[in-house]
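Okay, so here's the structure we're looking at.
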Amino acid sequence: MYKLYSLLLLQQIQFVEDKQEFSRFPTKAGRRSLSRSISQSSTDSYSSAASYTDSSDDETSPRDKTQLNSKGTNDFCVKNIKQAEFGRREIEIAEQDMSALISLRKRAQGEKPLAGAKIIGCTHITAQTAVLIETLEALGAQCRWTACNIYSTQNEVAAALSEIGVAVFAWKGESEDDFWWCINKCINMEGWQPNMILDDGGDLTHWVYKKYPNVFKKIRGIVEESVTGVHRLYQLSKAGKLCVPAMNVNDSVTKQKFDNLYCCRESILDGLKRTTDVMFGGKQVVVCGYGEVGKGCTAALKAMGSIVYVTEIDPICALQACMDGFRLVKLNEVIRQVDIIITCTGNKNVVTRDQLDRMKNGSIVCNMGHSNTEIDVASLRTPELTWERVRSQVDHVIWPDGKRVILLAEGRLLNLSCSTVPTFVLSITATTQALALIELYNAPEGRYKQDVYLLPKKMVTSDTFITSNFNY
Amino acid sequence: MYKLYSLLLLQQIQFVEDKQEFSRFPTKAGRRSLSRSISQSSTDSYSSAASYTDSSDDETSPRDKTQLNSKGTNDFCVKNIKQAEFGRREIEIAEQDMSALISLRKRAQGEKPLAGAKIIGCTHITAQTAVLIETLEALGAQCRWTACNIYSTQNEVAAALSEIGVAVFAWKGESEDDFWWCINKCINMEGWQPNMILDDGGDLTHWVYKKYPNVFKKIRGIVEESVTGVHRLYQLSKAGKLCVPAMNVNDSVTKQKFDNLYCCRESILDGLKRTTDVMFGGKQVVVCGYGEVGKGCTAALKAMGSIVYVTEIDPICALQACMDGFRLVKLNEVIRQVDIIITCTGNKNVVTRDQLDRMKNGSIVCNMGHSNTEIDVASLRTPELTWERVRSQVDHVIWPDGKRVILLAEGRLLNLSCSTVPTFVLSITATTQALALIELYNAPEGRYKQDVYLLPKKMVTSDTFITSNFNY
Amino acid sequence: MYKLYSLLLLQQIQFVEDKQEFSRFPTKAGRRSLSRSISQSSTDSYSSAASYTDSSDDETSPRDKTQLNSKGTNDFCVKNIKQAEFGRREIEIAEQDMSALISLRKRAQGEKPLAGAKIIGCTHITAQTAVLIETLEALGAQCRWTACNIYSTQNEVAAALSEIGVAVFAWKGESEDDFWWCINKCINMEGWQPNMILDDGGDLTHWVYKKYPNVFKKIRGIVEESVTGVHRLYQLSKAGKLCVPAMNVNDSVTKQKFDNLYCCRESILDGLKRTTDVMFGGKQVVVCGYGEVGKGCTAALKAMGSIVYVTEIDPICALQACMDGFRLVKLNEVIRQVDIIITCTGNKNVVTRDQLDRMKNGSIVCNMGHSNTEIDVASLRTPELTWERVRSQVDHVIWPDGKRVILLAEGRLLNLSCSTVPTFVLSITATTQALALIELYNAPEGRYKQDVYLLPKKMVTSDTFITSNFNY
Amino acid sequence: MYKLYSLLLLQQIQFVEDKQEFSRFPTKAGRRSLSRSISQSSTDSYSSAASYTDSSDDETSPRDKTQLNSKGTNDFCVKNIKQAEFGRREIEIAEQDMSALISLRKRAQGEKPLAGAKIIGCTHITAQTAVLIETLEALGAQCRWTACNIYSTQNEVAAALSEIGVAVFAWKGESEDDFWWCINKCINMEGWQPNMILDDGGDLTHWVYKKYPNVFKKIRGIVEESVTGVHRLYQLSKAGKLCVPAMNVNDSVTKQKFDNLYCCRESILDGLKRTTDVMFGGKQVVVCGYGEVGKGCTAALKAMGSIVYVTEIDPICALQACMDGFRLVKLNEVIRQVDIIITCTGNKNVVTRDQLDRMKNGSIVCNMGHSNTEIDVASLRTPELTWERVRSQVDHVIWPDGKRVILLAEGRLLNLSCSTVPTFVLSITATTQALALIELYNAPEGRYKQDVYLLPKKMVTSDTFITSNFNY
């Protein structure tokens, strides 16, 4: 019986409990969830892993400890180097489902397309990231790494990387001060000048701009993964301040299709099932929005035997919904009859208090769209309504007449809060990042200017990418 | 008929580690799984619920305690009557998804079709069962109840029932002696003679036969839920020893369709996702067997974008697979290329060691069919293979060359071990049981002889049944 | 460009024009359509085929002509023996898609399971039937054949069979007197006593009962294909008058699944498209009835992007519709909004005049169910409504306000009137008939009594049947 | 972009035999198919329509006749003005399925967005075009019209338009000289200067450029429908010779989705069924190419129970096929086992003679992609192979060993040759054309320069467009 949520989910819950703290890091919003496969087993490991360390250790800041890996080096700062063995196993498991990266490594036996590359990276530090980092090193690069999020580091994985000599500066539960200290350590090493940046969120890039502008003289390019970071880069570019070429990985075709259509097609079912055990067959469901996410959600639920309605204001998407066999409705038309409402519009207040008032007893409302604003959750926090947490991520909101509406993840993203991202999908993104680094690092003078680029189609569609990721 | 071995499931939920104890109750196999909605929240509740009782209490056998409910009566024996409030909430949550039973209650405001009925019951004691019991009482019956499984009782629910005056004798973690003591208490009450039996597994019926044969003089009928119990009844009937009419609920159309086709269509996805986070899209899957379970599994995976092959030896089913667009193969043809193998044939050794040897690295093998014999798991317990448990229900079996095959639930039923049965489905069965009791109790003399019957179609298809269970 | 209708369709149209005549043959109702593949090309052939015969010939009744085949024999009566060559080509084309029969022939090289069988047959005489007859002869039988329908004979095929020595008595456009004359010739040949009957509609069987009861002394069994004929056999059996075993081919699993579910899944699209060119995507459709035919129709339309509603009164079927994701409605709820109504209930007056009055302009109404009674077409033949035939099988019924409802095939079966039956499906049935003949002819004394039987599953599911019919 | 070669289609419908003539008009390739609803009924009409005219009339060129409509005017040149009544009925039937245009008319009761517009048009002249022309007039425009194809005019429709005063110059079976004479008459009328052009193929535009360049002084814009015409416009634009704004209707989102994805999803089934009556269930099909056309074909066949393989060289499309559950193959891998091959790649020689040699007996090969070059049909015209035309558009190619491969439409486009375009789809395009005319005619000075534009999304997605085209 699967019960425990992933470490990340716990982190996301913690995020929620502690919104003030979170709000200090506005730029970290919108990062993708980690795969449960890793985080779960790292959670499982705590009791046994604890035996590696004495308990007083837990209270000491990694910054105050001196640790050596088995090679006797200490150019890293992690929670506990002794957890390396456990982390190594996690990495090995992740490798199973990241065949494209493994394949890249093999190809690089002869040529080393990143020979001479000195990469500083700032991402979530998970088993999947570790597979990426180790691939980059196999291709000839030297890497220094730090976390893009104060909660998302898997300590065991950070330890495993440090053990083999990667310079990692990250642990779970960093303070803000720690966060910037780590970034600083990552960039600033005597006798070593980075020439590539891999960023997720733009904080590393920002810091280099602010503190080490000279570093850009050697940098050949930036690869950026997140919406937020890409947005910053475009602003820099517009302002004429971007001083190196940058690659926008976020908007690559493969990433978009996987993150939205294919991933959501699976995670909508997973998220609903894990939280509510609802039977999909015969249920009436309204999906608000028929973009890629909506297309994925409706396809999945239709296939499971749900009766699906769609609301949509963009006429082209409405037309597609129509031709795909979904009845277009206004939400108010069906609000009293549906069993499940799913929002994926990207807009605010798609489901209002007035509509929640009219939902039927036992109906479920959840969000697969943008951030946590689609359902007007705030409007439910009024005295006449009782909130009852029936299990993690699941609240019953109870009306005075006894009617219950089941609200999932308090209106935050269901797919991130109550489901996981398959390693396979993370592998797609990681492969794209690796290819972007290779492309920028090897591009002949003049191919890329000081602008933001999408990965050339020929790279995304290279044999390596496809052959290794698919049975083909 | 995949119900056998759900006791295993219960163990898995609660006592995965203690296999010896389980083996003492071989005959209790075949009980259905609890819905997670209950088990999870009851698990969640322990810490808080614990505050109701002092800790020494936990060690005392319920048989040695004297407890009174708030009405001052004591005709029950449960773990802790003080847990009633928590149990009540669980029951209320379950009622949300059991509208057919609630509807039956409403109809019975005027007529009391079970007025005068004295029912002894032996089932899992869960929130859903409580909704059934309270419905039977609302229809006019008096009930005495006991557990059909030593592990499956939700103590809080048992307390809640006792609190409102239902005579319940059951707690989680009974000994074998406790088990029969409870059954005895259930049957044997001075001045009260049962006239109906509701059984799940046949133990209560067996005990009445053995110890209180005279009771059958008053009994109007037996309603039996499980494969095992139904099998016993047919044996009695064949031997001319069945002395009252019996109703076979297990084989009713609704139950079969729900337990197999509709339920498996959802639980195959849920079971695979919870355990492995595998992405379904693009995966090659072979499903062995194209009965109702196979039809459900293939439909779901096809809809998620998997490439699905089918093996089947029955030609009519093979033909159906064919016309449904699945390529018929011999397992050996595809064994080297598939990512996932799912067995649902009902046969033994469908996947052999020889075939497991040829599966590719990272492939998943699991069972949705009959018991735990479809995959030859025993053949994997040889010295040259390493087993690594990567999380609950998930083992990596590692070949000498490093190849890993991911075995789920050690070859036991994935849907019971790694997924849950929706309350909605339990509601279908509970409604069927209630209707069977009403039919047998009210049948005119001579309609039913001393034989085993299926519920008449007119009952299964009554307005109550359909209207209330569906949006219709 | 599809323009020409099949011969059968033409015949069916002719039927319609001439209902009086048709009504003289009430028992011929409900026969299956011929495949267009044959009939179309035979239609095409008329001009060239005409060169074989002088035109005066066309007016002469075959009964008045003396014809010899190239072997010099004349034990047949067909339109024009000179058309044999063209008919032979038709038969060869049909063989392409009837691999099961061809495979049966090959197996019979050694054993001749019908050696000594003397079969009289009464069926549609088409290229597919010819493949069956020639297979029976290859298996050792001698055959005499006649038509079960006065319009359905393909003259060229009849000629081709006569040319190789099969005694065929049939031509297109027989009179009623011709019809019985042919049957008589088929049965009654000096020095030859039939021992098996293959019937489609029961007319041959009826005639033997009436005129040649002694023939039954030698008859080992009857194989009957049609609903009507099977119904008559059950009546005989009930009345104790059935004097030989009979095999009900109509209700064999394979035939039911193919004629209903699989065939209708395709023919609903084909029938609608050929008649109206309607685009399915986005159309709202209500399907009345969710039996096998309804399941086929809804599945197909859902897949094409239609929004499908279902009406159903049987609760088990209603439940299935529900779990398959179709919204259950009363027809009146949706009558004003739907674009297409399809009836497949088997009941009368499922769509009433009152409902037709409320349908929207341009909506389509058609019948896939039983006979022509589901839509109350008679109620539309009132003075205030104008009927306009816009093309074959398509009428616009025009209300005084200009509203048009498009009625297909005047409410008769769409799949038979406006689509065709694939040779593949006819092959399934023909194989079943052949197997039934083999089984009855070879059954040991006592296996079959004077009763109506279904083909034993082991025959239906024999290797021959499956292996040859499917890619498997 | 499968529109090229639809002239072929037209020929196929009407003049299959006369290939020489076709080759004289190479530039007219790329016109869309007519809907069968028209062509069929116009065909049907000939016998009755013939009664309007004496037969000698048929031989006289319309240019040599003087005809008056019932208002006494003669500014038109059509085959026979007396056919107007029949044509009117055709137009009325077409209106049923063109609700968006009808809705546009209603809206225009008050405002006349085309008041003052003087439009010269050159398109197929069909009932659907007539609905467009009459809508333009209802919106305030004056129209003069001519045919873009020498074969595609429906004479009755041309008559009906002339009868109500539209200046139409077109008849079916024009000579090349007639063609340009008609265009000339259309442009050149004393006292009347056109200010808008609606073109399909670019011939009208070309003629104005060549003969009446001064006309462009008044022209506010060109709306062009075809690939060919758009291509010419882009060339003019590149060369700096485009002297007015032009609107590219061909590449509008709605048109693309409808012409390719949605339309092909339906026409692949229709085309195969009408020609071969093949049963889809259980058939093995390989679809070459997974663009929009391939996506439509595979989705339809998968839904009908076919086992579908995909070949694809573009990796993004390959990935999508993969995630949609289709097995990616090389054609050679499956060539021996498939029942049907469908090409939709846009490339040449996708299916070679060598592969055709290896196809199995009875397999079908057809083309849904670009022009007639995907299947190497020429390679089949060798002495050792026998071609047998079994019906219109269907050839059996017979190998020396008796193997037959069924070739459809001689490798030309199946959807155009053997299926039809629903009026609904033509309505989408016609609405887009009307909106483009309105936009260009009313655009403020400076909004459009001398360039080629796509219709602004706000127009395509206007309420009128969507609301009226869909049930929404």
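Order as written gives the chain letters A, B, C and D; numbering starts at 1 within each chain.
The working rule: contacts are C-beta pairs under 8 Å (C-beta built on N, C-alpha and C of every residue); 3 or more make two chains touch, one makes a residue touch a chain.
Chains and their UniProt names: A, B, C, D = Adenosylhomocysteinase like 1.
Predicted model, so just to flag it, every value in this text is computed and none were measured.
A.B. asks: If you tally the C-beta contacts for C-D and for A-D, which one comes out higher?
C.D. replies: C-D
A.B. asks: Among the chains, which one keeps its Cα centre farthest from the Cα centre of subunit A (Adenosylhomocysteinase like 1)?
C.D. replies: Max centre-to-centre separation from subunit A (Adenosylhomocysteinase like 1) belongs to C.
A.B. asks: So what's the Cα centroid distance for subunit A (Adenosylhomocysteinase like 1) and subunit D (Adenosylhomocysteinase like 1), whole Å?
C.D. replies: Their C-alpha centroids are separated by 47 Å.
A.B. asks: Need the CA-centroid distance for the pair subunit A (Adenosylhomocysteinase like 1) / subunit C (Adenosylhomocysteinase like 1), whole Å please.
C.D. replies: Chain centres of subunit A (Adenosylhomocysteinase like 1) and subunit C (Adenosylhomocysteinase like 1), defined by C-alpha means, are spaced 60 Å apart.
A.B. asks: For subunit C (Adenosylhomocysteinase like 1) and subunit D (Adenosylhomocysteinase like 1), what's the span in angstrom between their mean Cα positions?
C.D. replies: 38
A.B. asks: Show the residues in subunit C (Adenosylhomocysteinase like 1) shared as contacts by 2 or more other chains, in ascending order.
C.D. replies: Residues 262, 281-282, 284, 304-305, 307, 322-323, 470-471 of subunit C (Adenosylhomocysteinase like 1) touch two or more partner chains.
A.B. asks: Once bound in the complex, which stretches of subunit D (Adenosylhomocysteinase like 1) touch subunit A (Adenosylhomocysteinase like 1)?
C.D. replies: 253-254, 257, 262, 314-316, 318-320, 322-323, 328, 457, 460-462, 465-466, 469-472
A.B. asks: Contact residues on subunit D (Adenosylhomocysteinase like 1) for subunit C (Adenosylhomocysteinase like 1) in the complex?
C.D. replies: So the residues of subunit D (Adenosylhomocysteinase like 1) in touch with subunit C (Adenosylhomocysteinase like 1) come to 12-13, 35-37, 39-41, 43-44, 93, 96-97, 262-263, 265-266, 269-270, 273-284, 299-300, 303-305, 307, 337, 339, 361-362, 390-393, 396, 404, 417-420, 422-425, 470-471.
A.B. asks: What does subunit D (Adenosylhomocysteinase like 1) use to touch subunit B (Adenosylhomocysteinase like 1) in their complex?
C.D. replies: Within the complex, subunit D (Adenosylhomocysteinase like 1) contacts subunit B (Adenosylhomocysteinase like 1) at residues 281-282, 284, 302, 304-308, 322-327.
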